[in-house]
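Alright, structures below, take your time with them.
Below are two complexes that have chain A in common, paired first with chain B and then with chain C.
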Partner chain A sequence: MQTKFYMQPLLVTTDAPVGGAAMLPDALGNYQSTTHVESASGSNLSLTLESQVFRTFASIPVISQTQLAAEYKDLGDALAQMQEINVGEDWSVEQPVYEAASYVATILRARAFPVPKVFNHGPASVVFNWRNINSELYLTVSGNGLSALISTPERITKRLDIKYSDEALLKPTEFFALILAYHVLEPLVLEVSSGTSESR
Partner chain B sequence: MSCGDIRNGDVLFRHAFQPVAFKGQKFAIEKFWRLSVDQRGALLTSLAWQKYVPEVRDVHNHGCRMASRRNAAAKAAKKYSEKSRSVYCGAYAILASSIRRLPGQHNLAEVVSAHVLHHPEEGEIAHADLVVVLDASRVTDIEATKTAIIARLWMMSSGPLKHECADDTDLDEHPNSLLENAPRGLYRDLRSRLTQAWHRVRCRLCSGIMRRWVRA
Partner chain C sequence: MAKWQIFIGRVTLFPQLTAPAALPSPALLFRQVWGNDPDAYQKAANPMAPSFAQGKVNEFAATCAVHPTRIDLQVMGQQGPESVGTLTVVEDTAGLHGEMAGIIHAVGSMGINCSRAAIYIQLVTLTPDVKTANQVLIGVIPKTYGIQIQDEEDFIFQVNRPYKSAAVPTLEMNSILKWSLEKFQVIKLIVPPGGIASPASGSITNPENQEFITASLSFDVNNRPARLGSHDQESVLSEALERVSAAQKELGFKLKGW
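Take a look at the complex of A and B:
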């Protein structure tokens, strides 16, 4: 009898490895990270270094905050360029849409979601997209609201629409829970059979 | 023998062109399945019905003629440039039944009905309209609805059938290499040889009838 375990596919460290490159595990599968720890007493701010060793599955991609920040900066630059295209062109993003898309990107960054691809953009919307093995997540940001949907070959498994006028937007927990659920549940599947485990 | 009714088992093709289906050097699915909104709020796009393009070479000839017409129109309007040149890259296939199943799909409550209607246009007898009728009261945001429908159409597509038109042999690198494989895999013509032969005959017969009807 087989049981499936779904694992979080991404680990984000609190600080950058030297040179900003992706971290690699040692022979035992351990990752070592050096973290800057700030502590304040009175008017003095001291900075100390604290080493951390943590372990994860070798197949899980590990990226640093710095790398994630760089990728989100690229996304921000791309959004700015879309807005700067001459108004009236098919690909020009209107100001309210640009502002909404930038805001959403900031929240995604703050919650350490993997950087999405820009699936489409036009005057009325920017569509972010993440792709997994069997499904796609589309996040449509328009001048009126946000919409997230997860589509598999068979059907749209989840969909959530929020208008900016909705109170739900002030507390979009459900919205980001949907995005988080997608990233947690999809990419890595461990199959356990007869008491042994194997990752793929 | 009906010449105008599109049956559920019939195949329809969507042609892909550069630059309209691309974003820079990347094939863009939402640009490819571009849906426009008509005055009634329905979503529209164009397809080619296999009944009148019964062989793959007919599908491609149709695409090449479309690109040629677009370039001629741009030249006539003095808007043509090499950068904006329309290059036919290939086509993707979808079943009429897949389109008609859009209403009632989970999480797509705003779709009231979805039709594929034979509608010869610009001398192309294979031209068909894809029309998605929406319930305006259930549309939260038309952009989100378009994304949801395009996501479904793409998931139900197969292809691409890549092609290079005779007009485009001067290109150093043909953009058809950038087309993405559709989720349903490459298109396979499942018709028997006998059926294919019958469809070629039927196409000639119906084309004659339809052309006379269109002229009238």
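Take a look at the complex of A and C:
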């Protein structure tokens, strides 16, 4: 029996395209990422949570694993130095915040996300930052939750606040993929099928 | 049937992203699980790297590794002077089952909030070459899957047979079986008297590097993300251990004590 496989572009949206114009595929027949809005009921998110539907032919820019590992090691070293600052000083980081920031950085590394910079830190928070051509993404890790803010020079374009008790953070990788996708405005491919305990 | 032996047994906890306090040190967990101090302890300077505690427990080599996103408690065969340079496997499979049950019981009083708990058991059988390893694998893969291999290398075949937990009915479980051809390298270093740091010792003797080809079958049973307290972790892991026991019997293995 011979089976034919077809590649099917997928578009899912509950929003009418802006200005009524139809969304057109690019020269290769692929749609860019699209958005549909899900109910935020039962969630502690401060704003409506949107989920992205991503095309499966593209991925984040490939970065050398060696380079990525070295950059994440630098990030870990920076976190370690924060903890060495004496408690009570302006730049010291409280232990729970330090633990949460280390956890976030470890998840980002495990899924080969681009390495953030440490934008700011103090007793109650560590702020990670990614810079894009047009916008900045700030991820604030505090004692009770995460806050992601995306801004251009003109305005704040997106803000998501989430508490550690929120169900969405049972799968933190998906949360980080969502905010990074908003930031780079490019599709991110996220492997969701793995049920093994080998990696996370 | 080829002689299958256990290579490794492991229990893993995946802590939730939260910020109440630091995770316990591996040395503390080692004492909590095995009742005595580890022989070696290495704390990572970088918070994104794991810290380790290792020691001998009965005739096994036990390791506790603590990482921001996972805690591993694992048991392997203990390497003795006569087995240096060989692939060490567990001879006492019943003893290892007892160790796994003991770890699971200890997990119930650790007080670590997790999103996932997992049990992992890997069986191996040494083979002289790839073709033999493939034949061994074919002998233990259910015929219903229709797998045919001969001298292909790097064979991997994995299935997930998910189920609903009876111990914690809200939980969905992954029950993964993975048949594969695994190659292991064992590097034996011959350290001259006085150690390698000794000025008189000169350079280290050339290391011996030996490769082993094995047919491998691993059982990986874990829950899909959910909020798991200590009691639920123990219940789910006990059930998972029973699931592994049942699966190995179903596949025709007769591991003593399982």
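Remarks
FYI, the second predicted complex is superposed on the first by the 117 of 200 C-alpha atoms of A that agree within 3 Å, B and C clash if a C-alpha of one lies under 4 Å from a C-alpha of the other, contacts with A are read in each partner's own complex, and residues count from 1 in each chain.
By our rule, a residue touches a chain if its C-beta (ideal position, glycine included) is under 8 Å from a C-beta of that chain, and two chains touch if they have at least 3 such contacts.
Source: prediction; values computed, not measured.
In the superposed model, A:P96 makes contact with chain C only, not with chain B.
In the superposition on chain A, A:I133 makes contact with neither chain B nor chain C.
By the touch criterion stated above, A:N144 is placed in contact with chain B and with chain C alike. In the superposition on chain A, A:T152 makes contact with chain B only, while chain C stays out of contact range. Considering which of chain B and chain C touches more of chain A, the answer is C. Of the two partner chains placed around the shared chain by superposition, chain C is the only one that A:Y72 touches, whereas chain B remains out of contact. In the superposed model, A:A105 lies in contact with chain C only, and not with chain B.
Overlap of the chain B and chain C contact sets on chain A: residues 142, 144. Chain contact summary for the complex, chain A toward chain C: residues 72-73, 75-77, 79-80, 83, 95-100, 102-107, 109-110, 142-144, 164-165, 169-172, 195-198, 200. Of all the residues in chain A, the ones that touch chain B in their complex are 91, 119-120, 124-125, 127, 136, 138, 140, 142, 144-145, 147, 149, 151-153, 155-159, 161, 163. Against chain A, in their complex, chain C makes its touches with residues 12, 14-23, 45-49, 67-70, 115-116, 118, 120, 160, 162, 174, 176, 178, 220, 222, 224-227.
Residues of chain B that touch chain A in their complex: 23, 28-31, 105-108, 140-144, 147-148, 151-152, 155, 183-184.
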